[in-house]
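One chain, subunit A, appears in both complexes that follow, with subunit B as partner in the first and subunit C in the second.
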Partner chain A sequence: MGGIIIFFDIMKYVRKMIEIEGVTFTYEGSSKPALSDVNLRIEEGDFLLVTGLSGSGKSTLLRLLNGLIPHFYRGKMEGRVLVDGIDTREASVASLSKKVGLVFQNPDNQIVTLRVDREIAFGLENLGFPREEIVRRIEEVLKKLRIEHLRYRPTNELSGGEKQLVAIASVLAMRPKIIALDEPTSELDPFSSARIAYILDILNREGITVVVAEHKLDLFSPFANKMIVMANGHIVEQGSPRELLYKKELMIHGVRPPSVVKLSYEYGVSENKPLTLGELLVALRGR
Partner chain B sequence: MIDPLSMLEIFRSYGRESTYSKLNPVTKFFLFVVFIIIPLISPSIFIQIFSLLMQIPLIIMSHSTNRITRSLRASTFFIIILIILNYLTTFNIIFSISMVLRLIGMIIASAIFMTGTDPAEIGDLLSKLRIPFQISFSFVIALRFIPVLADDVMMIITSQASRGYEIEKGGFLERVKRMIPILIPMIIIAIRRGHQLAEALETKAFGVSDKRTSYMRYRVNLLDLLMVSYGLLILIAGLLIVTTHLEIFPLLQL
Partner chain C sequence: MIEIEGVTFTYEGSSKPALSDVNLRIEEGDFLLVTGLSGSGKSTLLRLLNGLIPHFYRGKMEGRVLVDGIDTREASVASLSKKVGLVFQNPEHMFFSESVYEEVSFGPKSLGMSKEEMEGAVRWALEQVGLWDYRMRSPWSLSGGEKKRLSIACVLAMKTDFLAVDEPTIGQDSLSKESLLLTFKRLREEGKGVVVVTHDLEWLDDLHPDELILLSRGKVIERGPSDMIFSSVRDLAINGLIPPCKYILSTLVEVK
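So, the complex of A and B:
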């Protein structure tokens, strides 16, 4: 009995950042719901990996988090989404932008100014921050993402990976507690993709809650502590990446396990459930 | 004889830094306005020559001497035709030359301004002139998306070409018709980009607060003060010339 009370006491301190309760959403003009009866809880400090086939509802799920649904996208919404205790239907996208930063797939469509520092300043200017604070945050964010050298570069001249880092920087400057990324590496080369994954891990270690919708499981699963698989607007699997990626049923939903998983089956070390090459090697040595 | 590309070289977009480009955008805009007003205050050839000569320091400061001379040389034929056409309608050679000089003067003024000013500075200038941010911002966003859309066009052209579609075939009308399979995907892509851009702007709290702050700060330097006084002097001198020279040079009176 005492144990249960202590457990509930601890639970009080694990803060729920986002609660999605029974959300069904149908876009205007569509007959099929993009999300049906989705229930999800994201806690402070989580690194959540969202995966699933294209059209499975990943992007729609992310749009729920900062209120783009229902404020920007019209449609029929049931259920509710609480972000840091606030119902997204009652808050504006702008006020939610200080809590949840959303980064999109194509960096070209989200960079709106002509120079890197101005891009990072843009959101802060819109929110009416004083100049000194803007300058401080630009420096802080550039340093955090290790892109100080890009500060005065024209945005048009950046590479895809650099553009995506700048897009992340411009969102981070607003100091959100949660950063959500919708297939951030789909337009990037392998090196830049790895860089994004690495940066997200650093941000997560610093206490930012990360939600990332991705297909590149090799890259992101070692950093994530939670993972969900989506299919036809439903969350079909939920758990830790280590647990989920070794489930055979994953293939039914069109999710191909990373090569490390395949190799560990091949070498008969799948009971150790390695997720990185390093872990696989350790498992092989210990055999 | 006519080489439109070299003629337009004068307007080649914002390039390297120069003493001129480092001026405060308000100063640059003021000088631009001065050199647009001066040629317009009188059709007299004297004032046109005055305005051209007074622009020389600006040409030097903006490192555009070569560009402007090249562009003018390429336009020689065009300039002669303009003078002849003017003469045929007015039968006054001085007036004709003066009109063409007026045109050249204004072109040079706008070329110096456009090529010596970062597009983002023009956006800031527009907001400083109390033009609503939504409007000045649409100017910046248009510039931001020119290279992106240019890439899209290239992609569409090459993908249509790889399916055996020939754009440059047939007469003028045929060619215009052949642009349709390029334009339609282009418009669709642009609309889709626009939608995603709106989404991104929404997440960056665009247009929420009336009290939008500005990160950019432009300093007013000694050179700015000097250049503004230079502009003012020219305005005063221009007005003096218009009001007084007509008696001094009765021949030039028009």
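So, the complex of A and C:
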């Protein structure tokens, strides 16, 4: 009995942040829909990993979350997207961007100012925040991402990884509830990529909902609680990373299992479904 | 054959050399993997191969680079680029044609290939990177990963003896990575000398590079058969690189 009561207690707090209901979207000038009948629910506190081949609809899906579709990209949209219960067609991109922050693949396309602190202030200034509040938030996000030392650095002198962290910082300064990232590590070296993954894990633990489109499953799957696989605009698989990455059908959609998964088959410990080297090692010892 | 003999290079305006006393020899049929963190000198090393250094980038150069016995200082970049094809990290800086097909045919045309030969080379190159169906599209309409593959096709179509590629896997999904791997495998079998600069060691492990060169701050700090270097997991990790998973595992199991 007690268990059931606690369950309902928790259910009260699990809030649906985003509901995508039967969305089909075709870009203007294109004959094929980029998304076909997509249904997805993202709950508060989720860490959702979106994967699939290039052109499978990952970027289009992310653009739905903060209203860039249908407000910015033209095309034909069916179905609806609710963010915090509000239909994105009826909300402005400005108001949605306070709830959902979007980080793009190439930080060079996102960075618009010459100095790191100016960059983080940019969005806040445009929304008319008072100066003290802007300074407070700059300090807060720099600390959160462990990049206090970059505060006064020129943005053009930053490395690729540092630029991506600054792009994330400027999005976080708006204090969104959800941060969505489109292949954030595709241009980064392994060290910087791992740093992005760990930072996202920390943010998620602090309560921010994370949605990340990525090919580097090795790096992100241990942190995610949900995963979807996209192919030709459809969501073709949905579940926990542990469940999905050990599914053979994944290969049909062009998704290759991470090396830990391959190794655990090789060593005959796949029934334990390890996702990290640590888990694989534990499985090997328990054999 | 490309021979790099005791090269130290310092870019104009920089106080520290980008490369220090590098010695290297690449023969036709060799497959060489160069790795190291950002800023370790990988791209500078590539620029040496077709004479971009010292012809295009200014700075102070010691030592010499010989391509087929000719000192690159005495040869033009145009004549060198017939022997050594170079694919840069940011391909979009070089696109200027209206279609993918035209972009790829530019190189063969400027080499004076016959029409037939050129058409064959362009088609082959585009098929290698899976972009044949995109031939009528604008290079600018492609995704980041596709642009990268287009720039690889541009160089493949020139049928050079040597091919050097900077970070081919950036922005590629798993299928494209596999097909690139096959392309490199084939080039190697055909006896071309291939140099690949990458962080993605997991991806290249299958190909068993003949030699792996680990750069750090402009110096070659490790070199040898890839299996040997991948096994020195600690050295790679200290240099910010992630060795292929199976080598990490075998190290951990050994430690246990």
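FYI, the second predicted complex is superposed on the first by the 275 of 287 C-alpha atoms of A that agree within 3 Å, B and C clash if a C-alpha of one lies under 4 Å from a C-alpha of the other, contacts with A are read in each partner's own complex, and residues count from 1 in each chain.
In this section, a contact is a pair of C-beta atoms (placed from the backbone, for glycine too) under 8 Å apart; a residue touches a chain by one contact, two chains touch by 3 or more.
Keep in mind it's a predicted model, so treat the numbers as computed, not measured.
Undergrad: So, does A:159 touch the first partner subunit B, the second partner subunit C, both, or neither?
TA: second
Undergrad: In the overlaid three-chain picture, which partner chain does A:72 touch, first (subunit B) or second (subunit C), both, or neither?
TA: first
Undergrad: Thinking of the overlay built on chain A, is A:106 touched by subunit B (first), by subunit C (second), by both, or by neither?
TA: A:106: touches subunit B and subunit C.
Undergrad: Tell me which touches more residues of subunit A here: subunit C or subunit B.
TA: In the superposed model, B touches more residues of subunit A.
Undergrad: Figure out whether A:135 sits in contact with subunit B (first) or subunit C (second), or with both, or with neither.
TA: First partner only.
Undergrad: Which holds for A:126: it touches subunit B only (first), subunit C only (second), both, or neither?
TA: After superposing on A, A:126 lies in contact with subunit B but is clear of subunit C.
Undergrad: Figure out whether A:255 sits in contact with subunit B (first) or subunit C (second), or with both, or with neither.
TA: A:255 contacts subunit C only, not subunit B.
Undergrad: Would you check which partner chain A:190 touches, where first means subunit B only, second means subunit C only, and both and neither mean what they say?
TA: So A:190 only meets subunit C here.
Undergrad: Share the list of subunit A residues that count as touching for subunit B in one structure and for subunit C in the other.
TA: Residues 106, which sit in both footprints.
Undergrad: Spell out the residues on subunit C that touch subunit A in their complex, using ranges where they run on.
TA: Residues 37-39, 143-146, 170-176, 178, 199, 202, 240-242, 244-246, 248-249, 252-253, 256 of subunit C touch subunit A in their complex.
Undergrad: Can you name the residues of subunit A that touch subunit C in the complex?
TA: 52-55, 105-106, 159-161, 183, 186-187, 189-192, 194, 215, 218, 254-256, 259-260, 262-263, 277, 280-281, 284-285
Undergrad: Quick check on the complex: what are the subunit A residues that touch subunit B?
TA: It comes out as residues 66, 68, 71-72, 92-94, 97, 101-102, 104, 106, 108-115, 117-118, 121-131, 134-135, 138, 155-156, 170-171, 174.
Undergrad: Which part of subunit B faces subunit A closely enough to touch in the complex?
TA: Residue positions touching the partner: 118-120, 140-141, 143-144, 147-148, 193, 196-209, 211-217.
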